[in-house]
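Below, each structure is written out as structure tokens.
Okay, so chain A shows up in both of these, paired with chain B first and chain C after.
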Partner chain A sequence: MATLSKEEAAALIQEVLEVYPEKAQKDRAKHLAVNDQEKTTKCVTSNRKSLPGVMTIRGCAYAGSKGVVWGPIKDMIHISHGPVGCGQYSRAGRRNYYVGHTGVDTFGDMNFTSDFQEKDIVFGGDKKLAKLINEIDGLFPLARGISVQSECPIGLIGDDIEAVSKKGAAELSKPIVPVRCEGFRGVSQSLGHHIANDAIRDWVFEREGGGTAFESSPYDVTIIGDYNIGGDAWSSRILLEEMGLRVIAQWSGDGTLAEMENTPKAKLNLLHCYRSMNYISRHMEEKYGIPWVEYNFFGPTKIAESLRAIAAFFDDHIKEGAERVIAKYQPLVDAVIAKYRPRLEGKRVMLYVGGLRPRHVIGSYEDLGMDVVGTGYEFGHNDDYDRTVPEMGNATLLYDDVTGFEFEEFVKRVKPDMIGSGVKEKYIFQKMGVPFRQMHSWDYSGPYHGYDGFAIFARDMDMTLNNPCWKNLTPPWLKPVEEEQRAIA
Partner chain B sequence: MQNADDIKPSYPLFRKDEYKQSLGDKKANFENSHGQAKVDETFLWTTSVEYKELNFQREALTINPAKACQPLGAVLCSIGFEKTMPYVHGSQGCVAYFRTYFNRHFKEPLSCVSDSMTEDAAVFGGQKNMYDGLENCKALYKPDMIAVSTTCMAEVIGDDLNAFINNAKKEGYIDQDFATPYAHTPSFVGSHVTGWDNMFEGIARYFTLNHMEGKVVGSNGKINLVPGFETYLGNFRVMKRMMSEMGVDYSLLSDPSEVLDTPADGEFRMYAGGTTQDEVKDAPNALTTIFLQPLQMEKTRKLVTDTWKHEIPKLNIPMGLEWTDEFLMAVSKISGQPISESLTTERGRLVDMMTDSHTWLHGKRFSLWGDPDFTLGMTKFLLELGAEPVHVLCNNGGKRWLKAMNKMLEASAPVNNATQLFHSHDLWHLRSLVFTEKPDFMIGNSYGKFIQRDTLQKGKDAEVPLIRIGFPIFDRHHLHRATTLGYEGAMTMLTTLVNAVLEKLDADTMQMGVTDFNFDLVR
Partner chain C sequence: MANIMISQDNGGSLLFYLPKKDLEERIVSLEFTGPEKWGGELQLANGQSYFIDPLERTPKLPMSFRARRLGGAED
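So, the complex of A and B:
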């Protein structure tokens, strides 16, 4: 299908909105827009409450804290504090890889919960929390600390998890971090990120001691906001190391308490997922004077840009290192593009993802000759959309907190060649015959970051787009006669 | 560095030297790690009897549970009804989790809405959310029924579903006669199976409680079948097949086997199949109601007994040979239809398979876990095969499960019965058990893969392989399509079990010049 004109795209949005009741229609209209790079005013409203009953794809603050920020810190035990469900649904599904001996010195794949019963709701859960902290200490002596991830009831029944945590921390001589990330707070995962960032500020940075003893170097950097999905942070840090930098901490994929504590000693914080960790980066800038820089390690164009932008903070040794790294990987990039671009050229993609990917992955598609014709954020803010508008072509669709209904309708009309979104969307669109990649979990593949990751990204897009399965959706006896004749001819 | 002609994902990419170096440096310099010796020593301690005793002293902490929360079950129950949208009143994150959990298990779409309650709703209650939520859901997704359940947030603040829904109708947000059954499903009570029961009772109550006039038990000549929290699609289908082969008219009350198995043909079907509202309305007229998983139907049992006036036959889950026999005999007795020749033959085929395979299963030791009726039925079937269920763990079992298990064990294996029961324990308890009292295999859901890895870490001899039967199964494809009930289910499970034994024997005897015996072509 030909690309939509600006007018057609605007008409499509109007048409999709028609089915909504009046109040909902007014609200949703503000979240949908046709991209216009010239426009200076903000394009879409974001970070507002989801409408009831519309099938938002969003999650909650607990998901933002336990699932995203804290959960991957591998040498701490994260308690899902409250009823049993939250911890169970979020157990080991995110693919934030780590290495370690699970159950002994690392705990990432496990689910620790206070499994609230009715009596805990009625009488409060503080005593249970205090007791289970001691039980953790007895059974997992090598855990470096504990975090208490609040589920909805905690904030509603008036528990004082801060007092319990302080007392427990003093007894155990280990950090115990209370996090007020109850699921009803805020409008999405996003507030959970913020609350989790603040908990690191207040309960990790403010703590005496900690960290590892190492001699500072002028080239110490950190990776902030890489969750190591499929090993993303590993295929990123290797490039930084190759250009001469030293990565003293990784947040939070494959991260440790010590690395968080190391971070204030960095010369520069490198921020990949701006949405989930800009708060702590700003704090470190204010308090410790550590500058931070956003970067994008998806696709060779953005990787090279980012390596140079990072190097600009350092001396010639690092600048030369960046050029050396870019040159080293150029033959791989050339070979990958030569192999896959002809198979992917001109294909149109619609995205709907979380934190940084709705804009960050655009470049990697473009490196393969593909066009992103629609994108949107589950839990973005205005500053995310500000960063997105210049990356997207004019007359493409922007949709914030898209509803199940809208997404399906947009896809039916835009007819993209491929969709990149989450598992809740995957099977809907696959049944519709649209090749689909999960762009949260990398569809059980990855890494996608860095040059090594780009090769996998290209391979995966090709395997899904060009797999023969998509040709077989219509039985031969139901195919339109013309098509059949054309096939015979 | 990657090679464009042979691109590698995480494994084996990260086993390349440059990554080993990078990850090794990270660990050595910045992680404050404990050192390998300390880790190894601690690991061995966690496999010990001493650790097991400490582990079993836990009172407050749950580690790696084998259960989920109520609304998950309510959602599964709801989608088994025709054109029904599950609607969860409370926080929206829960619904994202339920959908994801089912998506990962079934590899199917799962439609469900939330009314996205946030801080203001926590203060003022969620009535406004209910108003808008019902109106929006109806306008966008055009269901014939919205089945409302709750998250713990709405339960803690005490929202009143009945009042909210009635007010929404009074205020005109949805029509008065639009179907809106509901159930309170607090996640701090029971588990997902409780939520299924509560939601089913809510739907049955909505359509029958005030409409019992003119209802006569047996007048429609059908048998009601109520599946409970059931995730094997084959189990819905085998019930239909057995009933039709016997010529028995039935109502399968909650049947998600179509909506969870729609074709890929270019169209997304939000709704497909399912029990109709008319069937629910007609349900009190049935001869009786049979619960396929009776241990989890506490609340529904009351409604069916007290309101529908059905005499519920005392049956167990129709799993394995004898309990399928009992089920079919009961169906025959109630319906007056003889057990069909085809089913008698099918039974004979199952017994034939059991005679063929008994040599490989007799005395094999199994540790298993799962939902109450599943573990009861699976244990019973293992005993029928001559196998030894060593540890049976049911995190959401409780005393009623314990009683049912003990009763079954006394009847089925009265002598030298060594089966240990764990009615409120989790998979970290099970981990201790498989280390200290090693079984040959585990039977359970995907979470067991972590225990298998742990046992292998101790050494090949300590490894306990996992056989995946249960829910959820995230890491293998299409197993949810299988059947575990009836003779057909027993055949499938028997095939799975015996071949797991033979696969392991092959794996153990594959070393040339070392184990050149028992690596047989014919078994």
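So, the complex of A and C:
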């Protein structure tokens, strides 16, 4: 189908909105827009409570803290404090890769929970938590610290996890970090990121005796907001190291407590996922005077831009290093593009993800000759949309906290060649016959960051889009009719 | 009163950040810009305005302030 014009896109939004009752219509209208690069005023309202009665795709603050920020810190044990479900159903779902012996010195894909029962709700769970902390220390002596990730009931019954943590920390002489990330706080997982960042600020940076014995070098940088999904941080890290920088911390994919503690000694913080970790970056900028820079390692164009932007903070040695890295990988990039671009050229993609991807991956698609015709954030804020508008073409769709209904209707009309979104959307769209990639954990693939990641990204997109299965979705007895329709259209 | 942070972007213009609401906005005007007096009323690109107690010197940014909201467009 031909690309929509600005008016058609606006009309489409109107049409989709029509089914809602009046009040809902008014509310949802603010979250949907047609991208217009010239318009300077705000076009999309974001970070608002989801509308009751529609299907939202958001998570909770606990998911933002335990699942995103804290969970991947591999040498700490993260207690999902409360009933068993919150932790168990989200266990290891994000595919944050790490190295280490799980259950001995690393604990990434294990689930620790205080498994609240009725009596804990009635009588309070502080005693249980204290016991749990001691048990953990006995069973897993190599754990460097513990974080207490509050689930909803903790806030509701008013447990004092701070006091228990302080006491436990003194007894074990290990950091124990209470995190007040009860699921009901905020409107989405986004507040959970913020709460988790603040907990790092208050309980890791401020801890006495943390982060000593570290010799800094003039080229120390950190990777902030890379969760090493499918190995993303690793394929980013090698580029930085090849250009002469020293990566002293990964936040938080494959990260450790010591790395977090050493971060205030970095020369520059490199921020990939702005949404989930801008808070701590701002804090470090103010308190320790460490500048931060946002970068984007999706697709060769953005990688080269980012490497140069990062190098600009350093001397000629690093600047030359950046050029060397770019030149080194050019043949790889050329080969990937030569192979896949002809197969993907002109294909249209709709995205709906969280964090940084609704804007960051656009470059990857464009490098392969594909167009992103619609994008949106589950839990983005104003500043995310400000950063997205210039990346998107005019007359493309922007949708914030899109509802299941809206997303389906948009897809039916825009008819993208491919959709990139989460697992909850995956099977709906696949059954509608639209090629789909799960873009949260890379559909069990990855890494997608860096030059090596780009090669995998290109292969995956080709594999999905040009998969012969899409031709077989129509049963044979309906085929000829379908083909006739195509001839008319 | 709200805690806010003011920082400077690469182009040298001032950015306003309100952590509580997670609001990041450009500052379009600032009443006093130093060197002897810095602060006062500040106007954001989204139409809101805030007031911070003026300082006696130009601060080293980024820096946190206590700010008071001064009417303006409701979002």
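Some points to look at:
Here is the rule we use: the second predicted complex is superposed on the first by the 477 of 489 C-alpha atoms of A that agree within 3 Å, B and C clash if a C-alpha of one lies under 4 Å from a C-alpha of the other, contacts with A are read in each partner's own complex, and residues count from 1 in each chain.
Keep in mind that, in the parts below, contacts are C-beta pairs under 8 Å (C-beta built on N, C-alpha and C of every residue); 3 or more make two chains touch, one makes a residue touch a chain.
This structure is a prediction, so every number in the text was calculated from the model and none was measured.
In the superposed model, A:F298 makes contact with neither chain B nor chain C.
Within the superposed three-chain model, A:T403 lies in touch with chain B and out of touch with chain C [touch as defined at top]. When the shared chain is aligned, chain C comes close enough to touch A:H381, but chain B does not. In the superposition on chain A, A:M55 makes contact with chain B only, not with chain C.
By the document's definition of touching, of the two partners only chain B reaches A:P153; chain C does not. Measured by the number of chain A residues touched, the leading partner among chain B and chain C is B. Looking at the shared chain after the overlay, A:Y279 reaches chain C, while chain B stays out of its contact range. By the touch criterion defined above, A:N47 lies against chain C but remains apart from chain B after alignment on the C-alpha atoms of chain A.
The part of chain A that touches chain B in the complex is made up of residues 19-21, 23-24, 49-63, 75, 82-93, 97, 99, 101-105, 109-118, 120-121, 128-129, 131-132, 135-136, 138-139, 141-142, 144, 151-153, 155-157, 183-187, 189, 211-212, 214, 230-231, 234-235, 237-238, 241, 247-250, 254, 256-259, 262, 328-329, 332, 335-336, 338-339, 403-405, 408, 422-424, 426-433, 445-447, 451-452, 455-456, 458-459, 473-475.
Looking at the complex, you find that chain B touches chain A at residues 1-5, 7-10, 13-14, 18-19, 22-23, 25-27, 29-34, 38-39, 42-43, 46, 51, 54-55, 57-65, 67-69, 71-72, 87, 90-94, 96-101, 103-104, 107-119, 121-122, 129-130, 132-141, 151-153, 156-157, 186-189, 191, 262-269, 431, 447, 450, 453-454, 457, 474.
Contacts from chain C toward chain A in the complex involve residues 5, 7, 17, 19, 22-25, 46, 62-64, 75.
Those residues of chain A lying in contact with chain C across their complex are 42, 45, 47, 190, 194, 279, 282, 285-286, 381-383, 386.
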